[in-house]
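See structure below.
Chain nomenclature is as follows: A, B and C, assigned in order of appearance, with residue numbering initiated at 1 for each chain independently.
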Amino acid sequence: MNPVNYLYLSALLFTIGAAGVLVRRNAIIVFMCVELMLNACNLAFVTFSRIHGNLDGQIIAFFTMVVAAAEVVVGLAIILMIFRVRHSASVDDANLMKL
Amino acid sequence: MTSLVQSVDWVAVAPVLVTALTGLAVLVTDLFLAPRHKPLLGWVTIAGLALAALCLIPLTDGDRATFCLTTGDRQCSYVADHFALAVQLLVVGGALLTALLSVTTVRREALPAGEYWFLLLSSAAGAALLPASRDLATLIVALEVASLPAFALVGLRRGDRGSAEAALKFFLSSVVATAVSLLGVSFVYAATGSLHLDTVAGGLDDVDPRLNALAALGVVLTLVGFAFKLAAVPFHFWVPDSYVGAPLPVAAYLSVVGKSAGFSGLALVTVVAFRPYADTWGPALAVLAALTMTTGNVAALRQRPDQPASAVRLLAWSSVGQAGYLLVPLAAAGYHDDPEEMVGATVAYALMYAVVNLGAFAVVALVAENRPGHRLTDHRALFSRNPLAALTMGFFLLCLAGLPPGVIGLFAKVAVFRTAVDSGLGWLAVVMAVNVTIALYYYLKWTALLFATPTTATPTTTPAARATATTAPAAPTPGTATPGAPGQATAPTATGSTVAGSTATAAREPSVPASVPHPLTAAIALAAALGVALSGAPQLILRLASGTLF
Amino acid sequence: MILTAEANGFLSPNGVEIVFLLVGVVTLGAAVITVTTRQLVHAALWLVVALGGLAVEYLLLTAEFIAWVQVLIYVGSVVVLLLFGLMLTRAPIGRSPDADSENRWVALAVALAAAATLVTVVADAFRSTWIDLDRSVQGSPEVTGESLFRHWVLPFEALSVLLLAALVGAITLSRRRGADDAPASPKQER
């Protein structure tokens, strides 16, 4: 079949995630959006791996998953810590974009 | 059939391996150590990093490679060439100085010792792996190994609101940058079918015309993750808050080792892997460099000296400005016929910057021993209180500014400047010259502050301290340390009267600090010695700037 | 890579293409709901659907190993962790107000522009590429493992450092201050 459909799906997922990162204000939701972006990258990797017929793409997709898991662990610890300090998981309070 | 697994050249990977294993050893030792022996862990860390630096010596030929493919054209994942060795020296040395800085902080702020040293060493191991890795998978993983422990280090001052928010901001933006970078890597992989940098370069040489746009987009997106670590300008907004929120040694670490991860990754992907697309990343990096140095320096100009943590904030913005200079040779590589020759200037500049910037942070830490506000005004008349510290700080600042007697700063700037001129980037050279001039202003202002006469100090600091009384950290009476207080910590107990009172005591404090911690002195002495040695013999690092490192 | 156009397009859909289409639509829908819903817990649950859909897509691409790792790591642990995070930060079960920022139209415009760019670039590049999914499985655990340990030992080992550092970092960050700190610390903090 034509692999471009998988790539459309990947591109759309990536932008949905990116839009979520820009719009949402709850740190955990922002985090879910980042996971969507990473998953979109993985889908692209696996599709390209299939197109090229070598496994490198699948290997790096696997690495990405492990990296994402490690990020989730640290990220949630930070979010919990910030919640403990000020009882909110909203990013706005953290002045994320303030210079 | 050949061997099923890759052969490993243990000597080649020793600098990285020793760093990581020291981290593991520290973590395990921490379990069995009585609390009063915990400071020992800091010294184990320092010894491990020194050993890692020694492991670089047998590699100086720069011809080792390991983790090679067992099939095909023997692409290697790990190459210990001169570029890798120089950056590894920077990383290990930077981590060593950071460790010396941290010994006091860990004890004073009651940070969890074993974990702190382990995270520092893991991050250093990742940053040391990065310049030696020669495939995109290892590069991305190494970048993550370098940054993930750094998130935790930034947030380590538990219960401190500024620290937690700094960590969250740093973390979320970094993770997004990584995701964008990964999408770029996937496009590059799509266009070339490989992840090894040399094969990628070969593949990009003759890309199917239909994949041209895809490859170009992939090249640009890949740069994002590394530019973020370097704190180049659209990706710099996390810097000031993270530096202020983090413990001071961690801020110093991020400004040097974190940046080295960024620029070495950028150098590898642009000059080695994406060389055929120089007309895409060259202009992108040039614009990035111009934006970065201008934004950093202008923002540094606008820092108010009497605000809390203004010294750290100024160093943060100046580090953004310096990142711009680091980018200049990389941008020049995009315009030059022989791009590999340009990278050396970046490495040389980074080595100079590492030494003097860590030294500057060390003196800020020293001043904070008596006046923990990290304000610029705390440095007023430092010369009359501690002449040696003031002289070294003046030297570091002049190096950063690029003025004699900071000869090495001047020469490194000239080397960077020359790359821009050589490759016909006249406008970038002009922008850089203007920026160096802007930067002179705030570096010299700070230097002048060090040597101001103490008599004028009292009337100007007191109103400043009063003005910030509601948010100012509790100023301690000399001799008693308040853990966790420096930086942005809001101390609700600091009423106006106590602040006014303690300011008065601070003004009357003895001319020599009561007790300067030895590790801190050692860090300053080491940085100063290196800076003076380099100023005396600049060819030590400037020879990196001539010829190719790869 | 085969960059040749072939005659049999979508006009003759086979089973794989139909499954792809269905799962793809579900995945996209779930992703959109995850990003837009005002109920935080629902967002996490829809994320499970999106990630599970992706696992099916991996299976369709015959990346078996990746598909199962996706199920194990993402659906099995990441989402569970996220749910724990929502629980511990006491996310309201119902609608939570002010979950969005004001700049949503700017964000939407940026996202649309990004989507348009990505889709056109991808379409330009791979419109006429053809892959044959009827061939044998590409990413079985056996070949993936072989490739991993023959060619990718270094990043794999680096990942081990990463995981340990993440573990230690998370424990250090989330431990309450003063509970079991070194007695060297003055006990003045709350």
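One rule holds for everything that comes next: contacts are C-beta pairs under 8 Å (C-beta built on N, C-alpha and C of every residue); 3 or more make two chains touch, one makes a residue touch a chain.
None of the values given here were measured: they were computed from a predicted structure.
**Student:** Average the CA atoms of each chain to get its centre, and name the chain whose centre is farthest from that of chain C.
**Tutor:** B
**Student:** Highest contact-pair count belongs to which two chains?
**Tutor:** A-C
**Student:** At what distance in angstrom does the C-alpha mean of chain C lie from that of chain A?
**Tutor:** Each chain's C-alpha centroid was found; their separation is 6 Å.
**Student:** Compute the distance, rounded to whole Å, between the mean C-alpha positions of chain A and chain B.
**Tutor:** Here chain A and chain B have centroids separated by 26 Å.
**Student:** How big is the gap, in whole Å, between where the Cα atoms of chain B centre and where those of chain C centre?
**Tutor:** Each chain reduced to its C-alpha mean, chain B and chain C end up 31 Å apart.
**Student:** Which residues of chain B are in contact with two or more other chains?
**Tutor:** Residues 137, 141, 144, 148, 151-152, 155, 158-159, 167, 187, 190, 193 of chain B each touch two or more of the other chains.
**Student:** Using the touch definition from the top, which residues of chain C touch two or more other chains?
**Tutor:** 1, 122, 126, 151-152, 155, 159, 162, 165-166, 169-171, 173 - these are the residues of chain C that touch more than one other chain.
**Student:** Which residues of chain A are in contact with two or more other chains?
**Tutor:** If we look for residues of chain A contacting two or more partner chains, we find 14, 17-18, 31, 51-52, 56, 59, 63, 67, 70-71, 74, 77-79, 81.
**Student:** For the complex, give me every residue of chain C touching chain B.
**Tutor:** Listed in rising order, the residues are 1, 3, 117, 121-122, 124-126, 128, 146, 149-155, 158-159, 161-162, 164-166, 168-173, 175-177, 181-186, 188-190.
**Student:** Quick check: in the complex, which residue numbers of chain C touch chain A?
**Tutor:** That would be residues 1, 9-10, 14, 16-17, 20-21, 24, 27-28, 31-32, 34-35, 40, 43-44, 47, 50-51, 54, 57-58, 61-63, 65-66, 69-70, 73-74, 77-78, 81-82, 84-86, 88-89, 91, 96, 98-101, 103-104, 106-108, 110-112, 114-115, 118-119, 122-123, 126-127, 129-131, 133, 138-139, 143-144, 147-148, 151-152, 155-156, 159, 162-163, 165-167, 169-171, 173-174 of chain C.
**Student:** Given the complex with chain C, which residues does chain A contribute to the contact?
**Tutor:** Per the stated touch rule, the residues are 1-9, 11-20, 22-26, 28-29, 31-33, 35-36, 39, 42-43, 46-47, 49-53, 55-56, 58-59, 61-63, 65-74, 76-81, 83, 89-90, 92.
**Student:** Within their complex, state which residues of chain B touch chain C.
**Tutor:** Its residues touching chain C are 4-6, 8, 20, 23-24, 27, 35-36, 38, 67, 69-71, 77-78, 107, 110, 112-113, 115-116, 118-119, 122-123, 125-126, 129, 133, 135, 137-138, 141-142, 144-145, 148-149, 151-153, 155-156, 158-159, 167, 187, 190-191, 193, 208, 210-211, 213-214, 217, 483-484.
**Student:** Which residues of chain A touch chain B in the complex?
**Tutor:** 14, 17-18, 21, 27, 30-31, 34, 37-38, 40-41, 44-45, 48, 51-52, 54, 56-57, 59-60, 63-64, 67, 70-71, 74-75, 77-79, 81-82, 84-86, 91, 94-99
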